[in-house]
Every structure is written in structure tokens, then in C-alpha cells.
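Listed next: structures, encoded as C-alpha cells.
You will see subunit A twice below: alongside subunit B first, and alongside subunit C after that.
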Partner chain A sequence: MLPTELILPIAIAYVALLFVVAFVGDQRARAGRLGWLKSPVVYTLSISIYCTSWTFYGAVGYAARSGLEFATIYLGPTLVFVGWWWLLRKLIRIGHAQGVSSIADMISSRYGKSTTLAALVTLVAVVGAAPYIALQLRAVTVSYQVITSAGPENPSGLPGAHPDFHAALWIAAGMALFTILFGTRNVDAKERHHGVVAAIALEAIVKLVALLAVGVLVVFGLSDGVAHSFSRASPQLLQSADVFGARWVTTLLLSAVAVVCLPREFQVTVVENVDERHLRTASWLFPLYLLLITLFVLPIAITGLSLLPSGSSPDMFVLTLPMWAGQNAVALLAFLGGFSSATSMVIVACIALSTMISNHLVMPLAMRFKWVPLYADGEVRRFLLNARRIGICVMLALGFVYFRLSSSDALAAMGLVSFAGVAQFAPSLFGGLYWRNANVGGAIAGLSAGTALWAYALFLPSFGPDVVLSAATLRDGPLGLALLRPQALFGLSGLDPLVHALFWSLSVNVLLFVVVSLLRRPRPIDRLQGTLFVDVFRAPAEATSGLLRRTASVQDLDALAQRILGVGEAQRFFARAAREQGLERGLPIADDPFISQLERKLAGSVGAATARALISEVVTVETISLDELMKIADETRRMAEHSRQLEEKSRELEATAAQLRDANARLTRLDQEKDDFLSQVSHEVRTPMTSIRSFSQILLDSRDLDGARTQRFVRIIHDESVRLTRLLDSTLDLGLLERGEANWPRTRIDPEIALEGSIRICEGLGGGRVALASEARAVGAAVEANEDRLGQVFINLISNAIKYNTSASPRVTVRSAVRDGVYEVLIADNGPGIPPELRDRIFSRFPGGLARSRTAASGSGLGLAISWQIMRHLGGNLELVGGEGPGACFRVTLAAMDSAAPREPRPA
Partner chain B sequence: MPPDSAQAAPERSARVRDAARVLPLVGLFLLLPPVILLFAAPAEVAGVPLIVVYVFAVWGALVAGAAVLARALGPVEHGEADEPGPSD
Partner chain C sequence: MAVRVLIAEDDPHIVESLSFVLGREGFEVSAALDGEDALRRLQTELPDVVILDVMLPGRDGFEVLKALKADPALRALPVIVLTAKGQAHDRRMAEQMGATGFMTKPFSNTDVVDAVRRAVRA
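Then we have the complex of A and B:
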């Protein structure tokens, strides 16, 4: 045994050492020399506060009672960390992006920064943590009693049923003081507690070394190696297949959930994380730490069970075995290890919980009931720090009360009650990370109902009969209602109490969370936060920054910041923001990024929900762009279609490019034609206009013109006007034809009549100079056409052939026939013909040189174009064929109809 | 970076990410009944009960697998974007 006079100074010296480490850590951090404080190893070691006294003392006790089941408590976290890519990475990314300060802050931030939800989560966390803190108090108290009073002749120490509550009270008070000194120096919860992290990293090493030392002593000092120590095991301890039943699955999953949901684990893993990349190291180093610390648990448990007298508390084997072996140094190391694991847990848990209490319970109440003089500089800061200090004391007091009242003497059993309590966060927390439509109603409903069931089925019964629930209630249900028996709810009996409580609480929790979420329509702020959480990897920061638009006066914001942060801090913050906006001096512009930045800054002190409430008080207009939100929400779907669309687009683009090339060529040609056309029309119009103008000028100026000359001039003006009208008529006519708007009656006619009429009209044109010969002619042909229009085509072709025939003995030949159901007219001349370069555009408007050469006579230059359009319109065709001789030959074709009454051939 | 590794990098990182996702599932599969029941037999490996050896072997393998993947994920993680999307 070791005397109190020795143990107490050693314990105090150890605490002093921790203080020094924490102090140095804080100093280095403040000086900006983070160095090893920022290493992934320190981060991993700080996560290992998962291993508390429960692990240090309780794991052996757990193994002695239930065999391998103790390992599930460490296998669950191993799976979570090994699977960090699924969950932890996202949590930490969100934690950084949102400036999350606690698990309550995280959950309430996800659900539209709900104050109610934050308070609820805090309450559940506080109640759930009480058994856990009680466990630490119990472990430290009992280990202190054991090490100071037991000896080789009395190795079992004190019977576990009688812990020294007097000593426990002092220990609780000491721990409260310790935590207050450590953890409540900064008001900004987001500022990392570098000192604390350094101290708990040291404690993590101490507890691992201590447990390994005990293990080595037991395996190689008290046994001849591993095999020997296992040979002492009773057969039922390890060989029972019953271990791997519902309880195995339950505790495995429960510990996996707890390692994320425990407020202190959330604190060290997410809030205190300095660098996302550290998680990569922790993903294997933390499981390795767990593996090492549990390596000797089974040998210690087996050796304790077989060597120590029956009745020894298995929870204290880690301490009593070295004492039994007379190894006081190892026993002292074990005591310090146990002390380390308890203190580090209590410090971090109390820091995390007191932050939650002050931010999510006290601050909203203080705002509502005006407890704080909000306008005095630094008052809020002092108020918050005091709230946290009181919060720490409350936590330890609750732990002590639970310890005092609880009937359980097994450390692991107490810890599992806590695990089941914080597991109620799981549906809201995990669901909120992956399910966009999860909303605040579902979270509150699920969490409240789940927690109520947990309290009724597990927490209250854990005090034992007749403490909170009477023995009769426990046995028969309240008022004898068997359906409501706490440990056999709704008749579900025969299950392990832990499995039973978890089954009901989590089932109802998940059910309500899902159903109420589905029933309730989310508010815009819910959707905004939901998107920020669910799509944290997809939505780039700049895409989400513009979603929330707020207007506030910068003076109001300044006043608010001074109230919460204190004048100095607020001024520094505003000056920095103004500099970042590029302003020389004065207050920054209250734009959206600045308001968000200020909100995050305030959230660091008072939590996201309160910060939002505070900002909302001074914000005059707030809009959330739902369209933008929907865009981001649809990102996934959009991305899924993205590659497919890209492929399609590139195909389309290729086709479009080809079409564009085509169209461009056509357009260029059309443009050219249009230009030609316009200049031609202008030219055509200008010539008669000029004569009309000059002759009318003469008529106006010269009053003494004789009648004959006047007559002549008026005649010229008239003729020119007629020519002009004809030109414009032709242009309009062509326009109509080209747009397909021409609408003439088409009847069954004999085309030869039209042809004959045209020849007769044209006979006079050549003035007898041109020989107009009509050769073979179709007999009894019938077509469906408009006689006038068909005649117009013939006249145009024949008159052109006559007019442009510059041959010495001009001759125009007209032939017609019906061939293969097609009526065909050939009009040939022996003139100069059509130059090859004009052949393919002879039927377009003003076909260049030809037009110029022909306009002089025809006056329009549109004749062929109109004729071609008419023929197309009639369903026939007009083309230029080689014909015989040097001249041109035009062919007109139309579908011939069955001639019912063949006519007599007409004389040529 | 040689050209062929530049081309292989995205494909390899996708496989590493998938492996990182699968590893915990494999662990869960091995540690839950019925698989674990196969090893709850009264056999011993070098004096240690088979089931103890099995549980700690799976555990050790998970740690080793996570360590290997953590190393392989190093460059991947900073390329980011495990889901297709605009990277930041």
C-alpha cells in the first residue's frame, strides 16, 4: 500500500505538470509557434480521450464479466475512423466551413440555426454526460481508496459498494477547479484550446504507458507469457458463442455512434481540429492506439480472476494486481494512468458541455430576460465566462449526484448508459449530413421522443430500484400497467436492458425524425443550411455565399459587436474588415459577406443559433434566394447528366458547325444577291426617275413651250412612269412568288392556246427582222395551269429570244410535244447564247452582266426570274438546255394530263 | 510527372477512394455475426483462443489497411472532389 501522504503530493505534482504543459502550449500558440502542437500525432492523442477510466479500469472489469464483448467499445470507433472518408471528413469540413463550436451548435446549425434544437441537444448532452462523469469520479475515488488502503494482505481493496463519498466530493471539487483554470480563459469557443490539447495528449501517453506496463507485468511477471495467462481462463469466459448476439451488435454500433456523438469527442475531433489532413493520420493511428491499450485487457482480467481472491472488484484489477505482486512503482504508474484518463475526460467533457450550456441555454435566456447589461463593454464576455464556470460546476455536481444515487458498481455499465443517451443525436446529426429534406421539426420530434424513451427505459432504471423509480414500477410498470414496464416496454421482454432501451429509443427517434421531416415544409433558412451541409463538397463557397442577402446598418452591427465581443475586439474586427474591403478608414460596408463574417465571429462566442438571433435583430431585410438554392441542390443531378450532355453537345456542335458553314456560304451568296438586287433596283428606278425629274423640271421652268413639245415631254414622263410601275410590279410579283404567296386559279387548259397567243403577240416585236418559226407542235395536250401566267412565261421567253438576238439572220424556233406524260416547249434562238459563267444563275434576279445587257431593252431584268418562279409554282419547270446551234434554248415543262378530247392539230 | 502517370492518376485515385469507402464495410462484415461465429470455436492458436486471435487480427488488418490507404489518399485528398462537382 502507498500512504496518502505520498499519493496526494504525487497527484498534485502531476496536475502541476499538466498545468505547465498547458501553459507552455498556450504561450506557444499565442506566439504563433504551434510546432508540435499542430502535429497529427497530438491531434490523434487528443482524440484518445475516448479512453477514459472506463477503458483504463473498466475494460478489465467488463472483460472479466462479459469476455470479449469489451472489445466492441473499441471496434466501433475503429470502424468509424477507418471509414473516415464516409463521415468524419464531411463533419470536419462542415465544422471548418460553419465555424462549429460544439455538437449542439452543429445540429442546430444544420436545422436552420434553431435555438430550441440547440437547447434540447444541450440538455440531452448534459443529462447523458452525468453517468459518464460519475464513472470517472467513481474510478478516481475507488482507485485512491484502493491504493491508499490495500496491501498484499488485503489486495481487493475496499468493497466496491462503499466508495468514500467524502473523498469523491473533494475530488469533484478539485476537478472543477482544474477545469475552470484550464478551459475558461477564452470566450471564443472556436479558438482552439491548444494548451488543453497538449495536456491531454500527454495524459494519453501516460495512460497508454501505464496500462502497457501493467499488462507486461501481468503477462510476463505473473504468468509465463501470453499462452500461460490465457490458459488460466475459465472456459465460459471466452468460448461462449452467446457473446456474439444482439448485445454484441448493439454495443459495436453504439460505440461507433458514440465516438462521434459524445460532446467531448466531437470537441477534440471536429472543433479542435486545426488541419483537415490530420484526420488522415488519425484514421489509422487512433485505431492503433485503441488496439494497443486493449491488448492486455484480457490477460489482466483472466489473471485477476484466477489469482486475486474472489470478491475483488474486477474494475480495480489494473491497480490491485501490481499491488498484489508488490510492485508499488507499477501500481503508482497505474494510479496516475487512471487519474490521467479520468481528468482528461472530465476537463474536455466539461469544456465542451459548459460551452454548450452557456451558448445554447444561458445566453438565449439572458437575452430574453435581459440578465446582462448588454451595453456595457465586456459585460457579455464576463457573463459568458461566468456561465461557463458555473456550467462546469453544474456538470461535476450532476456527476457526483449520479454517482451518489446510482446503484451500479460496474464502470462499463455506467458508461453505456451515457453512450445510449448521446446516441439519440445520431439520426438528426447523420441524417442531416446526407438527407436534404431533413428539417428542424423532425429533429426536435425524434430527439425528444428518443431521449424520453432512453430516460425511461435505461437512465432512470440505472439508479436502481427505489431511487427514482420505485421497485414496483420497475417490476410491474407504473400503476401496474405491464405494457409500460420500463425494461419491457409494450411487452417486449426477454431482451438485454441496453438492447431493449436502444431498440425503442432509436426506432422511435428515427421514425419521428423521418415522418415529421416529410410532413413539414422546410423554411428557406432550413433549406439553405441543409444545402450547405449536405453539399459541402459539391457547392463551392462562392456559389453559396450569395444565397443569403441581408441588409443592416453598419452602426447597428458595430453596436452589436461591441456588446458581445467587447469594444477593443469589435474595433479590431471592424478595422480588419474595412481594410479587406480596401477602405482607408472608417467602418466597413455592411455587405452580405461582412454580415456573414460577423455572424460567424459572434457564433464563436455565443453559438450559431444565438448569433443568428442577434444578427436578425439588427437586420432590416433578409432574403434567401430560393432559385439559387435549387440550382445548387440540383447540382448532383446536373452533374450526373453533365458528361452525357457534353457528348451530345459536341455531336450537336459538329453538326451545327457544318450547318453554319453551309449557311454562311448561302448567306454570303444571298447577301451578294441582295446587294446586287438592291443596287440593280436602285439603278433601274434611278434611270426613269431621272428622266421624269428632268422633263418635269423643263415643264415647270419653261413657260413658253409649244404644245407639241409639251405633249412630247408629258408623253416621255408618262412612259417612264409606266416603266417604273412595271419594274415595281415585277419586283412585287417576284417577291410574292418567292414567298409562295401567289395564288391564282389553276384550271385544266390546253397550253397550246397560251403558246399560240404568245407567239402571235411576239410576232410584231422583231419588226419583221426576226424569223419566228413554229416547228413540231403537241396535239391535244392538257395541263393544269393558269393560262395568263403560262402565257406570261412564253411571252417572256420568246420576246427575250427575239430582243437579244444579234445574229445576222435572227431566227427563233418554237417546238412543243408531249413526251412520257410531260408537256414540253422548247424555245431556241441563234443569238449569242448565254455565257457559261451565267448559266447557273440565269434564273436569279438581275443575273449580273446578262441583266445589264438585257435591262436596256426589257426594263426590268426580272423576267426570267419571274418566269422560273411561275413555272415552279405551277408544278412545272423552266431550264436552260443546250439546244442546237450557238444560241440559247429554254425548255418549259409541265405535267400533262390525260387528254379526254384530243383536238385537231393547229396550223403552224 | 511522366505523361502516363498523369493520365493514370485520376483513375488510380478513384480506386483508392473506393477502397477507403469499402474498408470499414469489410471490417463490419468480418466482426458481425454470422462471420464472427465461425471463429468462436474452442480452438487455440499458440495457446491463445482462436476467437481472440481472430478479433485482434481483423483489428490489426484494419489498422494496416487504413495506414496504407491514408498514405495513398494523401495526394488524392487535396485534389478533392470525391463526388463529381466543381472543386474549390
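Then we have the complex of A and C:
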């Protein structure tokens, strides 16, 4: 026996240690240093909360009572993790995609986010979990009593027949406090409880080590090795007739389903999963864990049965055997192991269930009856947290009440009642993953009927006669109706009560689920969610959301998000969304994908159904039903048919279409030209900008430049700025010309005056290097033109001829004449000439090569284009002609007027 | 020995600024005003780095780069491609053709110096 004064501090110190681990885990997660927290091993260890005190103490008791049947409880999960991992993967993928916060949320999400279904699942889960929590309370209470009172002199374990309910109440209160401290620090249920998971992983190691330690003690300390320990087995124990019978199959099925459907298992496997790939590790490591933890169950059971006095509780062999052997250290370790397995189950189950209670029972009611001001900051968060805290207390209270009332003293029997309860989720959960037509009506009908039958045939009778159901009702049926006997419904007698209850509840559940689903027409949202679940690997969540078109004021959404998520979190979320939409600042656009994203985010806090209700308060929904879509598609098809007929009838239509195509092609080409032009302008602007930037940077950086250098660099900057200005002016000028906005006045002028002026201006350009020769000239010519603009053309041509002339003895000649009523000017040079590949586009903008400056601050590349445009506007022409010699020769022509009969000037 | 840089660029002011900036950092700078000139110079004086403008008259920068990469004697020579277009297309092309660096006009003087230093080290 170990004194209370020792056990209590050790238990409290152990809890404190767990709390430190959880705290450190949370801190690390908050700081973003997940490290080992996101290891697949931690994930697997957290899944092992499947092994509760039922496993730790109860498995031995189970084995002692029913032989090998205990193994089915571990074979079921093994089959699921090894063989059905693809089902788990689908659940996890959907969980991540939909922001699922619990199994109730998952099922309700699948069926059109139905509030009713979510509430129903929650109720079933809560009622179903009560026996399971009772089991943990019982185990901890009894083990505490055993370790503080039993000893070698009193090995039977229990001082009296009854567990100490007074101690149990304290234990329940302690666990409630512990869970509240652990699990309700944050409102976002989707946000992983990294700290809790870390603590649970530690507990998983403690319980495994403890059970292995007891096993080693039993096999190698109390027996003479494995063979010896098995030799004590009674033949009945190993060759129970029921092996592989109906009960065997039932418990196998139950445990396989429970490992997915138990709220706490769903919590750790799906909700707390950080990385889908962790499942790969869990699929072999979790079965291995199960194997290790059950390795010594049979030897312990056999040894306990043969060594301990008859009447000892087999559920406590794990504790009483070490005590009987006087191994107090091992006994203490075993006590801590059992304590670990109980606390981890209670914590996670209560977190999962309280989330479900707050999100799916309390919140919808609160919204309907306006218990909580939705429009006050932080109120909803506080309300939700309090609802969760109360939920945790309620769960432990229910567990305590069941423990107090229940007649069963076998841990395994209590656990199986729970298993059968959560198994009712299986048809709607698994059916919904693979059957597209499954809908909310079927799910509600199946689940309610199945649960009712489970409650009537298994749950209520499990309290024992005369607690809830009277002994008479149990024996003869209500009001003596034999057909309705709880444990022999509709005359089906002779079955094990568990098999019987499961047979009826699951059969009716599945039947109603299928039949009602087939009878009811799905709403669009059912279809949408159904598709999202069934095809989760095919379509991303956003792709199908086109069926619901929603709009909202982004301010309303922001206000709502701040109330639920808190100001900081909401701001971060909106800022991130705005960035994803490519907005620099401000609020994101409240389009449908964003609303869906926000809804999923809120669902993480309040569950899918409530989130949908909250969002719908500020959103205008426009539902496009599939029927409407079909109609639209139909319409389109008819239109296509109609237009085909029209096309057949009318060849003209085709011709028009061809013309349209042509026009479109032309427009496209023009567009392309415009793009090219802009790209060219950008290039032409960048070149002078480069010099300007580079030289100004030099001037800024170096204070020690000599005066001459500084002068030169400033001069270059100046020249390049002028070049830049000229380029921009020319661009604008050309733009005007090309749009036909050339409304300068045209008068009768003597073009020779303009030509002479231009020659004079250009004379200084070559720096005296270039010989500018004026040869034969027209006399007395008259044209209708604008003198300034004509001069601009001449200056451009002559200055080009001078500037680009690289000949050793550069020479430019200008000739003019009137021939056949046409005034003609030829400007020729002996420079490098125009390369053949440029001749075709010499008058287009930025022909390249030519315009590319060979001298600094040269032309903009637009001069010839502008000149050509001017001549066109004047009714004349500018062309490149084959000059004599190697250089280039440009010809300007204009209609000459009869010089003998001058006319009055007239406007253009 | 001073690091030698060949600038192939047709705008004399840009050549002047680059020459000044690089010369001040202790590089030995020479310039070619078109693609032919650049290739001719590479045959006689092997520099340590080439700064190559894309829009050269005659054979443009990409043609020069291609010729350069085809010549076993010049293949390893680091080339920094300079463009005033700044389009992703030019950059991709330069990268595919094996250019060491890529700079857009207008450039910052320090960026050019850094790019040349990096090219020499690499």
C-alpha cells in the first residue's frame, strides 16, 4: 500500500508536468517554432488516446472475463489504419479544405451545413460519451482506492464493494478544471491545440512504458518467462467458444468504426492533423503501438487469475499484481500510466465535445433567441469560451452521473456502450463521403432512428434494472408488449445484448438513410457540399462554389469577422486576402471566393452551420439551382441550333462574319502596332534617362571632380534632357498628325523661300566639316502649303543628311525643279546610305538602325515619320529614291500651281 | 593586374559614363560601338568581362552573345547583358543564351560595378 500523502502530491506533480509541456508546446507553436510538435510521431502518439483506462486496466479485465475477444478492440483500428488509410486521408483532406472543427461539423457540412443535423450529432455524441467518461472516472477512482489501501496483506484490491463516489466527485472536478485550463484558451477550434497534443503524446509514452513495465514484471518476475506464464492459463480462457462468433464480429466492427467516429479520435486524427502525410507514419506506427500496449494483456490476466485470490477485480490486475509482489515503484508507475490514459481521454473528449456543444447547440440557440449581442466586440468570443467551459463541466457531470447510476462494474462493457452510440454516425459519415445522392433528410432520419434504438436497447438497459427502465419493462417489454422488449426487439431473442442492439440500430439507421435520401430531392447546397466531399480529390473547394453567387458589403463582413475572430486576427485575415487579390492596401473585394474563405475561417471558430448562419445575415445570396443551370444550358443549346440553321440559310451571314474577322484582325494588328510603338517609346526614353541617371549619380557621389569634368557631365545631362524633351514633343506631334489633327493654314507660297531658310539653318550643323551644296534650283515656283511645316520637313532631311554622313569628305547636295506641274526637291548625300532592309520602313516610327544614334543627342527616330506625315497632309509626297552614288537621296514633291495665275489664299 | 572590361554599347554618353564609373573603380575599360566591332576586339584583346548592349546597330547583342558562346576560346567569358527594354522576354533569352548577368537601363552605377565584380569573382 502507498500512502495518500505520497500518491496525491505525485499525481498533482504529474499534472503540473503535463501542464508545463502543454504550455511550452503552445508557446513554441505561437512563436512559429513547431519543430517536433509537427512530427508524425507526435501525431501518432496523440491518436493513441484510443487507448484509455479501458485499455490500461480494462483490457486485462476483458481478457480475464472473455479471453481473446479483447483483441478485437485493437484489431478494428489496426484494420482501419493499415487497410483503410485512404478513407482517413479523404476525411483529413476534407477537414482541411472545409475548416472542419469536429465530427458534428463534418457531418453537418456534408449535408448542406444543416444546423439540425449538427445539433443531433452533438446530442448523440454527448450522450454516447457519458459512459466512456464514466469509465475513466471509475478507473481513476478505483485505482486510487486500490493503491492507497490494497497491499500484499489485502490483495483483492477493494476495501468494500463500492467505489468512493466522494473521491470520484473530486476527481471529476479536478479533471474539469484541468481541461478548462488546457483546452479553452483559444476560441478557434480549428486552430490546433499544439500544447494539448504535446501533453497527450507524453501521456501516451507514460502509459505504454507503465504497461510494459508491469508486463515485464509479471512475465519475468512473477513467472519464469513467457511459456511459464501461459502455462497457468485455464483452457476456457484461451479457447472461448465465442471466438470468431457474432460478438467477435460485432466488437471488431464497433472498434473499427469507433476509431474514426469517436469525437476525440476525430479530433486528434482529423482536426489536429497538421500534415496529411503524417497519416503514412500513423498507418504503421499506430498499429505497432496497439500491439505493444496489448502485448502483455494475456499474461497479466492469466497471472492475476492464478495468483491473486478469487474475487479480486480483474480490471485492477495491472495495479494489484505489482502490489502483491511488493513492487511499489512499478505499482506507482502503473497508477500514473492509468491516470495518464484516463486524463488524456477526458481532456481531448471534453475539448471535442465542448466545441460541439458550444458551436452546434448553444450558438444556434443564442442566435435565435439573441442571448448574445452579435454586434459588440469580443462578446461572441467570450460567450463561446464560456459555453465551452460550461460544456466541459456538463460532460464531466454527465460522466459522473452515469458512473453513479450505472450497474456495470466492468470497464469494457461501459466502453462498448459508447462505441455502439458513436457507431450511429457511420452511415451518414461514410455514406456521405462516397454516395453523391446522400442528403440531409436521410442522414437525420437514419441517425435519429439508430440512436433511439441504441438508447432503448443498449444505453438505458446498461444502467441496470430499476434505474431508468424498470425490471419489468426490461423483462417483459413496456406495458407487457413482448415485441418491444429492449433486449429482444421484435422477437429477436437469444442474441448477446450488444450484438442485438447494434444489429437493430445500425440496420434501421442504414435503411432509413438510404431510403429517405433516395426519396428526397436535394437542395442546391446539398448537391454542392456533396460534390465537394465526394470529389474532394478531384475539384478544389473554390471550383464548384460557382453554384452559389453571394455578395456583401465588405465593411459588414469585416465587422462580423472582428466580432468572432477578434480585431487582430480579423485584420490579419483581411489584409492577407487583400494581398492575395493583388490589392496594395485597404479591404479586399467581397467576391464569392472571399466570402467562402471567410465562412470557412469563421467555421473554425463557431462551426460550419453557425458560420453559414452568421454570414447569411450580411450576405445577399443568389442561388443558381442546378435546374436553372440546366435550363440555361438548354437554352444555349437551342440558340446554337438556331444560329446553325440561320447560317445554313444565309451565305451572306458567313460573308459578314468573314468581314468581321478581317476587321478584327486589322484591329488586332493596329493594337499590336500600338503596343510595339509604346515599347519603342519606352526604349527610346530609357536611353537618355540612362545617361542622365548615371552622370547625375557620378556628380552626386564624387565631390573631387575637376571643373572641366563637372562642366562636361552637366552638359551631357542637359543635352540628354533636351533629347528627351524632343522625343516627347515628337511623339505628341506625330500622334496629332496621325489622328489627322493637322489644321495649320495652307497658303500659296514660294517653296524656295522655305528651302533657302532651311539650308541656312543647317549650314552650321556639320561644324564646317560637311559641304552643303545647292545645285540647280527652281525659279518662281508656287505651291499651296504651310511654310513652317514645309521648312520643318526640309530641315529634318538636310540635317539627317549631314549628321549621319560618315564619309571621309562628306557632302550634301540640294536640288529643286518644277517638272510637269510638280514641284520637286532632291536632297542627296554621300554617306553610308540606307540599308536595303530598312528601305521599306524608313518612314515608319522608329525604323531602327537609322534612328539609332551614331552621334549623341541625335534624332528621336521619329523625324522621318513626322516629315512623311506632314507631306501627306500637304497633299504632297516624301520618298526615298535611288540616288547616284553610294549615299541616300530623298525626294519631296508637291503639286505646283500655275505661277502665271496666282490665286487667292484659302484656308485648308 | 587590372581587370579589363569591354563595353559594347552604341550610345557614346553611356559608354562615357560606364567608362568613368568603372575606371574610377580601377577597371581597365575599352569600348566597341557596334556588334562587329565588339567581336573584332574580342579576337585581339581578351577582356575579363563584357558589358553587352542588346540593341546594337548591325549585329545586335544577342547575335554577339551567340557568336561568343559558340567560340571555345570565349565561351567562359562572363557577359553582362544590358537592355533598355527591360522586358521579361529579353531577360529570359539572355539567361538561356548563357549570360552571366542582366541589367536594365537606366541602371544604378553601383549596380553595374557590383555586377562586374560578381562576374569577375564567378
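The rule is short, and it goes like this: the second predicted complex is superposed on the first by the 609 of 908 C-alpha atoms of A that agree within 3 Å, B and C clash if a C-alpha of one lies under 4 Å from a C-alpha of the other, contacts with A are read in each partner's own complex, and residues count from 1 in each chain.
In this section, contacts are C-beta pairs under 8 Å (C-beta built on N, C-alpha and C of every residue); 3 or more make two chains touch, one makes a residue touch a chain.
All values derive from a computational prediction rather than experimental measurement.
When the two structures are aligned on the shared chain, A:682 is found in touch with subunit C, with no touch to subunit B.
After overlaying the two complexes on the shared chain, residue contacts for A:288 are found with subunit B alone; subunit C is out of touch. Of the two partner chains placed by the overlay, only subunit B lies in contact with A:226; subunit C stays clear of it. After overlaying the two complexes on the shared chain, residue contacts for A:701 are found with subunit C alone; subunit B is out of touch.
In the superposition on chain A, contact is made by A:86 with subunit B only, not with subunit C. In the superposition on chain A, A:690 contacts subunit C only, with no contact to subunit B. After overlaying the two complexes on the shared chain, residue contacts for A:27 are found with neither subunit B nor subunit C. When the shared chain is aligned, subunit B comes close enough to touch A:277, but subunit C does not. Contact with subunit B, but none with subunit C, is seen for A:248 once the two complexes are overlaid on the shared chain.
The contact surfaces that subunit B and subunit C form on subunit A in the two complexes do not overlap at any residue.
For subunit A in complex with subunit B, the residues that touch the partner chain are 68, 71, 75, 78-86, 225-228, 230-231, 233, 235, 238-241, 243-245, 248-249, 252, 276-277, 280-281, 283-284, 287-288, 291, 295, 298, 535, 537-541, 543, 635-636, 639-640, 642. Listed in rising order, the residues of subunit A touching subunit C in the complex are 679, 682-683, 686-687, 689-695, 697-698, 701-702, 716, 719-720, 849, 852-857. Every residue of subunit B that touches subunit A in the complex is listed here, in rising order: 17, 20-21, 23-25, 27-28, 31-33, 36-37, 40, 42, 44, 46-49, 51-52, 55-56, 59-60, 62-67, 69-70, 73-74, 77, 80-88. Per the touch definition, subunit C reaches subunit A in the complex via residues 10-14, 16-18, 20-21, 24, 33, 55, 57, 84-87, 104-109.
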